[in-house]
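We just call them A, B, C and D in the order they show up, numbering each chain from 1.
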Amino acid sequence: MSLKKHVKLGLSALALSVSLHTVAAEDPIKVGILHSLSGTMAISESTLKDTMLMLIEQQNAKGGVLGRKLEPVVVDPASNWPLFAEKARELLAKDKVDVIFGNWTSVSRKSVLPVVEELNGLLFYPVQYEGEESSENVFYTGAAPNQQAIPAVDYLMNEVGVERWVLAGTDYVYPRTTNKILETYLKAKGVSSDDIMINYTPFGHSNWQSIVADIKKFGSAGKKTAVVSTINGDANVPFYRELANQGIDAADIPVVAFSVGEQELSGIDTAPLVGHLAAWNYFMSVDNDANYDFIDAWVAYTGKEDAVTNDPMEAHYIGFNMYIEAVKKAGTTDVDAVKDAIIGVTVPNLTGGYATMMPNHHITKPVLIGEIQDNGQFSVVWETPSTVVGDAWSDYLPGSKDLISDWRKPLKCGNFNVVTGTCGGKSDVAAN
Amino acid sequence: MSIARWLRRLILACLLLVPALATAQVADADAQQLLTALAESSFAGKKAVIGRIAGSGDERARRWLEAFADNKLARLESSGRFVIVLSNRGRNWTLADALTGEPLGEVSRRDVDTIRINNSLRNELTSVLSVLDLKSPDPASRLAAARALRGKVDEGLAERLPGLMADESAPAVHQALEEALAIYRVAEQGDVQAVATLSGSLNSEARAALRNATASDDPVLAQAATRALERIEQKLKLNRAAETLYFGLSLGSVLVLAAIGLAITFGVMGVINMAHGELIMLGAYTTWGMQQLLPGQPGLALILAIPAGFLVAALAGIAIERTVIQHLKGRPLETLLATFGVSLILQQLVRTVISPLNRTVVTPDWMSGSVMINEALSLTLNRMVVIGFALVVFAGLMLIMRRTRLGLEVRAVTQNRAMARAMGIRATRVDILTFGLGSGVAGLAGVALSQITNVGPNLGQSYIIDSFMVVVFGGVGNLWGTLLAGLSLGTINQLLEPWAGAVLAKILVLVFIILFIQKRPRGLFPQKGRAAEG
Amino acid sequence: MWLTRPLQERSTQVFLGVLFAALIAVTALHLLMPQDSALYVSAYTVTLLGKYLCYALLAVAVDLVWGYLGILSLGHGAFFALGGYAMGMYLMRQIGDRGVYGDPVLPDFMVFLNWQALPWYWHGFDMAWFAFLMVLLAPGLLALVFGFLAFRSRVTGVYLSIITQALTFALMLAFFRNEMGFGGNNGLTDFKDILGFDLRTDATRLGLFLATGIALAIGYVICRAIVVSKLGRLSVACRDAEARARFLGYRVERVQLFVFVVSAMLAGVAGALYVPQVGIINPSEFSPLFSIEIVVWVALGGRATLYGAVIGALLVNYAKTVFTGVLPDAWLFALGGLFVLVTVFLPRGIAGVLQRRRAAAGPREATA
Amino acid sequence: MSFFEELTHRDRVFEFLAPAPSPVDVRHGPILYLEDVSVSFDGFKAINNLNLTIDDGELRCIIGPNGAGKTTMMDIITGKTRPDTGSVWFGSRHNLLALSEPDIASLGIGRKFQKPTVFEALTVFENLELAMATDKRILPTLTAVMTAEYRERIDEVLALIGLTGLRDRPAGILSHGQKQWLEIGMLLMQKPRLLLVDEPVAGMTEQEMERTAELLTGLAGQQSVVVVEHDMGFVRSIARTVTVLHQGSVLAEGSMDEVANDPDVIRVYLGEEA
């Protein structure tokens, strides 16, 4: 066997190690964007990448911040969870970005989390999630369960008079947790357990026939029934199609979804869905000038007249502005300084109110319930009188009801147990 | 709640006093005032206003209420003028004046305040409108109205229903009304005779009424209700069985459609085409494209999409065959790798050229909804069409393979390439045609799937594995096998699902396939003779 | 001793030479070079290389069955993932009460899904020796049972490939289910330390990297030893003329089973080393597409030449890293294009190109 | 699991400890004995209660038109095909129907296929090495070493089949005839008691045929040989007893001349030639 090829092999390894290491230029503020552009999650995440690029462009047009321009660094974790961790490491260690905006799925966040903590980076996470987490380095601009699920259920219970509940979800941690919380909550409200039906389906489930039939059956018991859907992404189109075809309309059994936004609807023939509900903290249809401006900008940026905006985009909008404010406040992009500065920062959201970054790294949000219209938009039928504070640790889970999170000095703890008065688990954050 | 009931009673009452098709018109001022009330009062208040509008006897009332029901009644922020939204897509909406009906052209969304409605109001409206419909000349809409009334009847209406029933000609409507009344009587008055009327009904409201009745303290009623319920449950069991079977068939036919093209490229040509899924995807996107080209005629577009989808996929397939597969003759496992690369490229192509987002494919009316066999069993139309389509495609393929020269040549080439060549069959041409055919069929599958599931870049991936399972289970190179395999796997899956749950069912099916292959290493219908050896 | 045979063989010597040279070079550049030097190898790169080496070992395992036995397994990702989960479970248990909820026994995901007690199959994984044993046994047993059934009933060629795919697909679905108690879609993550070493320190990273390198070396030697043995020639014989081998009195199915199991165990080891370095294991490792990708690495590097598999794995994954960074929108084009071009124009992969000068034909190389 | 027992039996790991395969019992005459064997493939009777006995050390030629069931018969003897009815005995001790192909092979029945099948990727030498009668279980094979003695045996055979020159070339490059020989050589390496040879001279030149004839006749005596052949000339040149198969059963049996004059045979078979 000729020695040459082996040398080549060795060289390639070396070339790699060298080429991967390049010193980052210091001048612009580097904003890492960690959203899948390929693979299954590209559907949802690629628009968030564009949103960030637009926001950065706008900010630069305003002259950047602290006189420094912002420079986006886009990578593609390709919907592959280990790759998320690797890319996060690449952004922080190699590209030396000052902040990361990214992730959609919980698993991707979980895989990035240790990296961000270890390398003491900043991550803004824009999607509604299951809560039960609070990291010193992560800012959760999406909704926690108490900012979406609970108010939605309240609405159905009080305004619609629902007595029987179907909790249908994709089998992963967000629906599992949300449904656990809702189950406890409903029981606390006196709903008997045989008035609750829980069902889980795999990702991208496309054959809903029997499940929808079951729901129909469950709903024909004479009590007003509603479906609380935590069904994720791709599985929704066939689900709603089946609902429509089996003749379940919103008047009989309304479906309130937590993962269906304008973007998902843009892939569905919405005519049969009119009246079904969704709970979000933002709807494209919100009648508010800030929102209209944002939409106009977005349409202009994408060049598509039918481009839609959705809740995670607003979350990025808020998160980005909060970061900018915090940097101004701190006068530097130094991570620790920004971490301290950002708590309490308040910026306008797109629904005519304000969002504040709370000490538990979650933000205040209004909760809106919208009904699907035939034009693929939601019309708001109900909203919380005031904004709701995101709750990192749910009060309805036995494991976490005693936990609170407060990243301000002196407590500086993500999961402080108010009963034992100790800061559990992740006290050993960021070595450096 | 109770106030709402009272209101509704009031509305219905006055509605029924109104002559059938009112020609009257209230003064625009009053109309303006009514609508303003509607716009400004709370949801509870709106209920009352609806009543007043309906009661106003204004001929435009219906139009307003309908517009209101589907969120198209609005007020201009600037002028306070009431408008009906004709098109609410995009950032500028086309409007018409609500009172005069004069078109107002496009207006920026910023200036339009739609009047909010929610489900309970919509409920209200349907019953209000349906009571109006009870007087409509068209029996169909009367039937719909009568059906809609079940469970919504109350004292006010109950008193008038017998009268309505008396001058109701159509028996179906009559029966529906009777049930509606019976439900009310059982529920409100604990009337035992009424139970008899309901004992045959499969309607859920009726069941609900009976179920509540069983709990009543009047033993006679309770007993009667229980017996009635039992009888109903019997019927329901049968219907559910039928339903499950139907579900199985429809899932099966989807599998068959997805796999049948593979059965040709893989089974007949021995090419492991990992890009098969993406060919399906192309078919689906063609459907979408067609609907973009012919806006407003989804049905026609869908029909046209069938040949178009076939062509697009077939051409793509031929391209793949020419550029990649022909270089890999006799290296089946390597075709797997190359075509895997192709599939990646195609997916990303769609993502970048069209969009990573799912595309909306509209279901034409004649495919949406379901055929109601009875009130407990209704077969969804889109699935029914797909089942039919699958069978037609299969029959077509059989014809081509058995009856045409191409089929003959294909079989010849697959059995003994060299010999076929020697007999003057142009093997390469046959390859191209065969692969084109297989791919084209994949395209057809795509057209069908676009009516059932997402049309997006990942469409293919979600079917490729199932397709292979079906083909292998059925026995490579045997179309009948594929058909049988697809249908049986689909049915098994559906039978398992109720007690195993969706995920477990799928797992069990896979395990079943694995074990089955142990028993019959060459599938249901193995290829016979020496050709199959090695 | 049959195991040491390859060591006398020049090709193996060269391979090991280059491998160890690379390991030492990386270590040196990482430890000795100043942070800002252009030659400095960051911990990030070390871990990255470690990951590549895991893939390389996996590829070698696949090449053993595909190249020399003609069994195209589209399910080797399953063995890789099983090894990974075994390791992951160990690492989870090591977290102990440092989890978010501070539960001494239950992993976090069990706590907040209200699991009361540890499922039986989680017991023992707090002991390193047990876990590491499982890293071998779990994939090994699966391969043994599956292979026993499949080979006994002479499932071959495409059929075998497809049911291996079914196997890994079924496992993926199963592990996605949260009831399974493997963390569902989130899988296992947020590991703290391994054998007492903090996973976050660069030292541990380097250690894992070196361990992987050594594992690759050993794995390579084992495969090589099998290949150059009479059994190796027998495997090739079974690959090319199964019936003839049978009529010579060989139990073909046992040959296949033996090699298949060995390969599965190697895959398991690769998985086990992979997990602590990437910091997460989740069911997507079971995804059929991943398994196909592995095969593609092998094809790219050159089938039936173990070192080719290594080259393929390193190359493709390096390309992936570069592309996903440099041209994220287009990297699938590049990757896909690569697969097509290689299979069409380099049927015997890169190794094939390198060998072209040599007279001996591809599989002959096996017995060189 | 039988496989694991095997791994764990330390005593079996070393060849010399392995028990020799049980000897074939031919005290009661025939070495191979087929009785009322029938097999059909979806309706078509390939073998129709066939009776056949081969004596120890005999050289038997089997002829018959295409589709007479010659190859199927071989498949049955070697365990590739299981008959629907009938019994097949190897000597008076071993019921072949109960055994798998490898078992049958290791009992000492070697088979040469109609289409020569050798391991094309391996060298001629390696082909013979694999064929060599040694312990054929996994671990012994894994740990096997090439001793001088083995090498000699292989070289003998190489000389015998005249492929010494091509010793280290891949078998893939051999000519058709050479492959035939190599395969025969592999049979010899197996030291079988019974050789089943399917069309050994197909695609051979005159000289090659003669050599093959010598080879086979030379074998007869210490080993029993069953030759299936179309080439009448060749059959004549080696045949002592000839069996004519027709439609899956024996039509005639006897010396070449007897058979050649048998009216039935002439009708169904030689008819075309005569």
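Just so we're on the same page, a contact is a pair of C-beta atoms (placed from the backbone, for glycine too) under 8 Å apart; a residue touches a chain by one contact, two chains touch by 3 or more.
As the structure is a prediction and not an experimental result, all values here were calculated from the model.
Peer 1: Decide which interface, C-D or A-B, involves more C-beta pairs in contact, and give its chain pair.
Peer 2: Pair with the higher count of C-beta contacts: A-B.
Peer 1: When you take the mean of every protein CA atom shown, which chain's own CA mean is nearest to it?
Peer 2: That would be C.
Peer 1: Measuring centre to centre with CA averages, how many angstrom lie between chain A and chain B?
Peer 2: Here chain A and chain B have centroids separated by 30 Å.
Peer 1: Can you give the whole-Å distance between the Cα centres of chain A and chain D?
Peer 2: Using C-alpha averages as centres, the distance is 72 Å.
Peer 1: Nearest whole angstrom, what separates the Cα centre of chain B from the Cα centre of chain C?
Peer 2: 44
Peer 1: Hunt down the residues of chain B that sit against at least two other chains at once, touch-wise.
Peer 2: 347-348, 503, 506, in rising order.
Peer 1: Mind pulling the residue numbers of chain D that touch at least two other chains?
Peer 2: Chain D, residues with two or more chain partners: not present.
Peer 1: Please set out, as single numbers or ranges, the residues of chain C touching at least two other chains.
Peer 2: Touching at least two other chains: 173, 176-177, 329, 332.
Peer 1: In the complex, go through chain B and note every residue touching chain C.
Peer 2: 266, 270, 272, 274, 324, 327-328, 331-338, 340-345, 347-349, 352, 461, 465, 468-469, 472, 476, 503-504, 506-507, 510-511, 513-515, 517-519, 521-523
Peer 1: Along chain A, where are the residues that touch chain C in the complex?
Peer 2: Touching chain C from chain A are residues 1-7, 9-10, 12-14, 16-21, 23, 37-38, 74-78, 80-83, 85-87, 89-90, 93-94, 105-107, 110-111, 113-115, 118, 132-133, 171-173, 176-177, 180, 200, 202-203, 397-400, 403, 414-415, 417, 422, 424-426, 428, 431.
Peer 1: Show which residues of chain C lie in contact with chain A when the two form their complex.
Peer 2: 10-11, 14-15, 17-18, 21-22, 25-26, 29, 36, 38-45, 47-49, 51, 97-103, 109, 111-114, 173, 176-178, 184-187, 189-191, 200-201, 278-280, 282, 284, 307, 310-311, 314-315, 318, 321-322, 324-325, 328-329, 331-332, 351, 354, 357, 368
Peer 1: Any idea which chain B residues touch chain A in the complex?
Peer 2: Of all residues in chain B, those touching chain A are 1, 43, 70-71, 88-91, 109-110, 113-114, 116-120, 122-123, 126, 204-205, 207-209, 211-212, 240, 243-244, 247, 250-251, 254, 347-348, 351, 356-363, 368-370, 378, 380-383, 452-458, 462, 493-494, 497-498, 501-503, 506.
Peer 1: Flag every residue of chain C that touches chain D in the complex, lowest number first.
Peer 2: 2, 144, 148, 226, 229-231, 233-234, 236-237, 239-241, 243-252, 254-255, 257-258, 361, 363-364, 366-367
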